[in-house]
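Labels run A, B, C, D and E following the written order; every chain starts at residue 1.
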Amino acid sequence: MDPLNYLYLSAVLFAIGAAGVLLRRNAIVVFMCIELMLNASNLAFVTFARTTGTLDGQVAAFFVMVVAAAEVVVGLAIIVTIFRTRRSASVDDASLLKF
Amino acid sequence: MEYLPIVALGAIALGFAVFSVVAGALSGPARYNRAKVDAYECGIEPTPQPVGGGRFPVKYYLTAMTFIIFDIEIVFMYPWAVHFDALGLAGLAAMALFIALICVAYAYEWRRGGLDWD
Amino acid sequence: MQELLADDPWWLVVGKAVALFGLCVVLTLFNIWLERRVVARMQHRSGPNRHGPFGLLQSLADGVKLGLKEDLIPKAADKVVFVLAPVLSVVPAFMAFAVIPFGPEVSILGERTALQLFDPSVGVLYVLAIASVGVYGIVLAGWASGSTYPLLGGLRSTAQVISYEVAMGLSFVAVFLYAGSMSTSQIVAEQQRLWFAVALFPSFLIYAVSMVGETNRAPFDLAEAEGELVGGFHTEYSSLKFALFFLAEYINMVTVSALATTLFLGGWRAPVPLSWWDGANEGWVPLVWFFAKVFLVMFVFIWLRGTLPRFRYDQFMALGWKRLIPASLAWILVVATVRAVTQSTDVSRQELLTVLGVALAVLLAGLLLWPSGKDDEARDGGDARATGATGPAGSGGGAAPAAAGPAFDPMAGGFPVPPLPGQQLPPAPPRVPAGAPAPGARTTEEEPRA
Amino acid sequence: MSTLAVEAVDGPTIEYAHLSPLIVVLGAAVVGVLIEAFAPRERRRALQLGLGVLALGGALVAVVALAGTVDVAAEGAVAVDGPTLFLQGTILALALTALLSVGERSLDPEGDAFAAQASAVPGSTAERTLTREGVTQTEVVPLYLFAVGGMLLFPAANDLVTMFVALEVLSLPLYLLCALARRRRLLSQEAALKYFLLGSFSSAFFLYGAALLYGYSGSLRLGGIAEAVSSSSSNDGLLLVGTALVGVGLLFKVGAVPFHAWTPDVYQGAPTPITGFMAACTKVAAFGALLRVFYVALGGAGWDWRPLMYGVAALTMVVGAVVAITQTDVKRMLAYSSVAHAGFILCGVVALDRAGVSSVLFYLVAYGFATVGAFAVVTLVRDAAGEATHLSQWAGLGRRSPLVAGIFALFLLSFAGIPLTAGFTGKFAVFEAAAQGGSPSLVVIGVLTSAVAAFFYAKVIVLMFFNDPLPDGPTVAVPGVGTTVAVALGAAVTVALGVVPQVVLDLADQAALFVR
Amino acid sequence: MESGPLLLLLCLLPLVGAAVVAAVPARAAEAAKRLAVAVALATLAVAVVVALRFDRGADAPYQLADRYDWIPQFGVSLSLGVTGISVALVALTAVLVPLCLLASWDDGRASSRRPQTHLALMLALEGLILAAFCARDVFLFYVCFEVMLIPMYFLIGGYGGAQRSYAAAKFLIYNLLGGLVMLAALIGLYVESRGLPGAEDGTFDITTLATQLELGTTTERLLFLGFFLAFAIKAPLWPLHTWLPDAAVEARPGAAVLMVSVMDKLGTFGMIALCLPLFPAASVWARPVVVALAVVGIVYGALVAIGQSDLMRLIAYTSVSHFGFIIMGIFAMTSQGQTGATLYMVNHGFSTAGLFLIAGMMVTRRGSRLIADYGGVQRVAPVLAGSFFVAGLSSLALPGLSSFVSEFLVLVGTFTRYQAAAVVATLGIVLAALYILLTVTRTLSGPVRPETEGFRDLRGREAAVVAPVLAVIIALGFVPGPLIDVIDHGVDDTLASVSQDDPAPSVPAAPVAEGSPE
């Protein structure tokens, strides 16, 4: 298949993720959207590894996975803590800090 | 083309599963009874639950996180194992270091009771 | 092998896929029957024997009966996910089977091909990945039911599956290391001389244990522990949706058995005395060896169920996290060291094994003698739990205190009991961790001042 | 996979000596985790702090010993060169200073600045019990060290993946540290959440940009990208979009407008010693990385990104300074001031020449020490509920405690860029670089926003010195050794770099060459 | 002439003194005061030596030159030297500071603050001002120019009247804005100076810049504007003067004197010592506008002064008017004009100091700044009233008092180039007579108001403050010659650098200049 299609897919995924972060209000959903963006990047990396004929992109994908996992651990820790304190995971409820 | 076999198998399995779900809904009787569609709690009056069941022990979160860490470790181990012979002693040393580092976190979690259930 | 598969015509591919699908369904029906018969035998009963010869059609009859039952969707459920969950559970179960090699090169209708549907270079990884998708079915089923027991059951089985998946994944590492490949056919080929079950016995052992845990089978069937959780995640399911979960579970059993066969028991290759016969590993004959091995493993599954009592949840998790994983890691290092050292230096294997054996013995002794982390650290865990969200009526998180109220003791007899009408749950005092060290520890008598 | 099988691979060559600062800090962090696991609870705190100081000090010594090294280490993943060593030294010195403030426990009657236990629900009985027992969350130090490790690697990373990993190693512990404030936990947790969500969002941008640059050049190495940039004359879309996205990620960490929204919330919510650490060290590390990416890899595409960077710099200065005026909380005000400072530093980045690098390096030192010191002073002003950060509570502080107020005023003057303080020298350096680099209008904008910024710094000084104290206003806690040293060090460096900046200017100038 | 680090000593002495005074413990406040005055007097002594060592006949524009590396990275050095103009202003500063210290003997106690801080701030201010006057390096000048805002800011805000924090903030913002704009120009100048012979990396040395720098027209004009804006704010030139009345009114009289009489001279000094030599073409380009603004300032300041009911504010506005004269004189770019302007700086310094100090004493006694609250002071406190009268007369440039000579020189110098401006500016003299005499009659003469009855006359310390000021006013009125000689030495260089000659006299004005009373 044309590698360009994978790039389009990754761009679309990335855009969906970014839009989700900006539009959704639930912290967990926002967080999942961020993970989606990371995975879109991974797809781009792997595709580019194919098109450029180098392995760097595949290696990068591995590292991104690790980082994404670490991010999940940290992120969920924070969200869970807040959830336990406030019984809500909405970003809007977290509004003590106002401009 | 390379993936045709699993696509085919997946399609068959999916067709079967969907058929089963639909058939199950159509073939059986449908006699409404309020108690039947309530949550089943061994006959006790069910406690109303939100979808998602409200709150549950943080412990599961810890397990999930630990799993992710080890799963990632495995992700790194597989390619290493497959190409082990090519990597030689350097590969061994690197993986030993990697495992040692994971074990540090592992030891921390263990000592802090992260692996204990009661 | 891959080349052989690559030029399969489409009709052959579809044909193989249909055959595989049929095989899964038939094996499931057969295995249910087998299990009931074997367990019955072990308990001096006779088991199903009415429908068909030896009661072989009993499972089919059960399936038809299930199909005619009312299909309930609880009103608290998330409808879409509730319906989706069984589908999500069963489809991966079928798909995982795709990479199992059943036999060598054969000729079907004049077309040369292998007895295997799909042989990617990362075959085993594929199985693991697909199996992980199957977990979604379980957790979503529990979540979507909108009920307490399924939720906890779903969480439990998820925790269980992922816990043992780590050990399982680690047990593969040594295999890959020796086989130099993740392709199932390649791994089978590498076992021509010696089964990995023999060469890598510890790996096999770990796999065997984690395979049982992974499939939620006795003695690790905690997710459906009737005494605690009614039926687990599928409590609210009925009719064919329930049947799908059942189907998925049994296919998964076959899958892990087949995987055990492929990775450790030489796959479709004939066992030693038989392999002296030249024709044993050619044509359609190896199917016999393959299924023989698979049923052997299945029998062990059933045997276990008939023999062993169910584990307690904490024992089960401790086994997975505190025993299997460290053991796997240590074993991987041993294997890797032996292989690397023998290949790159002139140290003889005997010397090396001696050294490593001693080191391992010391390590294991240390592990066994190590305090279990229950000293002052227990408090941390305890605090986390104490402050953790507790389930409904304080029964979920195990956070209920040991304080005995005069009227009602929620932990009487060691089981969490929800209060009956008219009984009040005593206010939860702050957690007093069991065995907390004396300084700063507070007794319940001091509590009123808090 | 088997198709990729190759003949024996040589092990990578790792220049351990050249990486020694990183190894020391990260190794110490790992040891810190082991201490958490195995040391008895009552001894952990002392062990951790000792370890932290030792590690940071040791790494600093290692950096000094490495001075002058120019090398691409670890198979091209890490560049050890002038900017790297200079920034690593800066980060270590700042982190060491801030650690003194982090370890302080004599200010709050309940203990140090961190929650007794992060997992305890704020206000619960469990938390009160823990507080009474004097339990402390000693994991702070290993987390801190991991963050420092990431910061050391961030400006040294010579390929985009290493940089991404460093970015996350730097950020993740910080997200957690932000959530650990002892007082005002809700605020703190909220800050952590915002920081985390926005931070990961921006890292995702960085990563996608890295992917695009990789697709453009076929290499993740900065040098490889530079080659691709210089060899192709066309304006490749991948290059442009990739540059923009990588820029977004880096500018976020730097706190530049329009990616600054997290700064005030996080600075306000985080435990103050952590805020100081984060404000100073993150900025140093992030600017280091920004410089490296835009100078080494994308220097050839300067025509494409400089106008944008110019706009961002101008906008950052203006927004930071103008919005800061309306702030009523000290920490928020300092946050917006840090935004404005990011803008000033960006002026140096826009220059795209050696003077630009050296001026940015110098500015970072100047800004970093003043920031660490300023936040350390903020920890001192307390009332019964903890730190008194509302500006109105600071009224008349100069009467109550002329010394503390005077030192804070010194930091503010440095931020404002009054001559004879470090801030002025830094500002002069970056503006000079910008003017030299052909953006005199940026200098004018910078100068005018400096005046605006000076207005709110002056406002605080007025408040502290010329207003009468509130009757029930906060008191100035007597600082322990750690905070005293931190504040004194901050003040000393601020004055020294203002009066005799030559040594550091020279260092920065010598260090201003990137290895390619 | 081998001078040794004389100028460095001059600048460092008050700074070190400030540090020492600030470190004196709180209980030894009286000792601190004496120490401070001693430091100021020692500085005065050094200044006298500097003035005596200054060689009017020497060719070098800068004398007693001294140079130490500071930040070679930026081409910055601690490079000191005095021109004739600087010497005059150094002298002004050195003389006034001890008097201000004496005058504000008890000011430091205001609002429960340590008096040491007050004294230290004043000394620090003196050191910075002296350094700025002696700077041969633009960067050094700028640093002093900016840093002195801080002590001044604290002097106003920490010890002033009711509105002090507002006044202090206004003061700081205006001056800082000017300073920062100047910083931009400074950087521009530095960047432009790259590649000059002997300064590949750029230089800040005034002589080098003035003699060798070639700038493009636009660049030069922009840089000129940057510098000029800062100086015009500081000076203060209409319409940038609005901070001055507030600050001068709210500050204590001693601080007000330091600000108006000494510190603000840096603005006019900067114009004459930096703007003109560094940007000659641009200065000529801006000349008409500047002169016009100056004239407006003269008239405006005078008119507003007439309308004031607040004594201190009135004095502040007279300064606005006077600064107009000074700036007009500088930008007339004639030798008489500039000599007059420089002389005016000195004279204005003393006469305004006299007015502020004496008015301050009256305000202290009466507790009010409103002119209407006074009356008949000369009956109860004749010496006080007399001193005020003399200072006032000096301010309106009565012949025989110091300001006359300078005002006259300025007018004459301007007239040769801009006749209309000179004519309009003359109106300022008339108005000055009006506001001074009105004030004097309203406060000093007339019936004794009950509130003024208890007025003490000048006592020892106050007399010691006022007497030297009046002495200088009168002395310079009669014997301005030596001072003019010194100043001329600097002015000639400046004019040469702008390449401006005195215009051919279209009216016989020159002889009048020579005819100034000697």
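Heads up, the rule we're going with is that contacts are C-beta pairs under 8 Å (C-beta built on N, C-alpha and C of every residue); 3 or more make two chains touch, one makes a residue touch a chain.
Which chain is which protein? Per UniProt: A = NADH-quinone oxidoreductase subunit K; B = NADH-quinone oxidoreductase subunit A; C = NADH-quinone oxidoreductase subunit H; D = NADH-quinone oxidoreductase subunit N; E = NADH-quinone oxidoreductase subunit M.
All of these numbers come straight from a predicted model, not from anything done at the bench.
On a Cα centroid basis, the chain most remote from subunit E in this structure is C.
Once CA atoms are averaged chain by chain and compared with the all-protein CA average, the nearest chain turns out to be D. Here the two chains linked by the largest count of contacting C-beta pairs are B-C.
Chain geometry summary: the mean Cα position of subunit A and that of subunit D are 24 Å apart. Annotation: 64 Å between the Cα-based centres of subunit A and subunit E.
With centres set at the average Cα position, the gap from subunit B to subunit E is 81 Å. Separating the centre of subunit D from that of subunit E, both taken as means of CA atoms, is a distance of 44 Å.
With touch defined as above, residues shared between interfaces to two or more other chains in subunit B number as follows: 58, 64, 71, 82-83, 85, 88-89, 91, 110-112. In subunit A, 66, 77, 84 are the positions where the chain touches two or more neighbouring chains simultaneously.
Within subunit D, the positions touching two or more other chains are listed as 1-2, 5, 119, 121. Interface residues of subunit A facing subunit B in the complex, by the touch rule stated above, are 62, 65-66, 69, 72-73, 76-77, 80, 84. Across the complex, subunit B is touched by residues 5-6, 8, 10, 13-14, 16-18, 20-21, 66-78, 83, 86-87, 90-91, 93-95, 97-98, 117-118, 125, 142-149, 151-152, 155, 158-159, 162-163, 165-166, 169-170, 172-174, 176-177, 180-182, 230, 235-236, 239-241, 243-244, 313-314, 317-318, 321-322, 325-326, 329, 332-333, 336-337, 339-341, 343-344, 373-374, 377-378, 380-382, 384-385, 388-393, 396-399, 418 of subunit C. Residues 2-6, 8-10, 12-14, 16-18, 20-21, 23-25, 27-31, 36-42, 44, 46-60, 62-64, 66-67, 70-71, 74, 77-78, 81-85, 88-89, 91-92, 95-96, 99, 102-103, 106, 110-118 of subunit B are the ones touching subunit C in the complex. Interface residues of subunit E facing subunit D in the complex, by the touch rule stated above, are 69-74, 112-114, 117, 142-144, 146-147, 149-150, 153-154, 157-158, 164-165, 168-169, 172-173, 176-177, 180-181, 183-184, 187-188, 190-191, 194.
Partner subunit A is touched in their complex by these residues of subunit D: 118-119, 121-122, 159-161, 164-165, 168, 172, 175-176, 179, 185-187, 189-194, 196-197, 200-201, 203-205, 207-208, 210-212, 214-215, 218-220, 264-265, 268-269.
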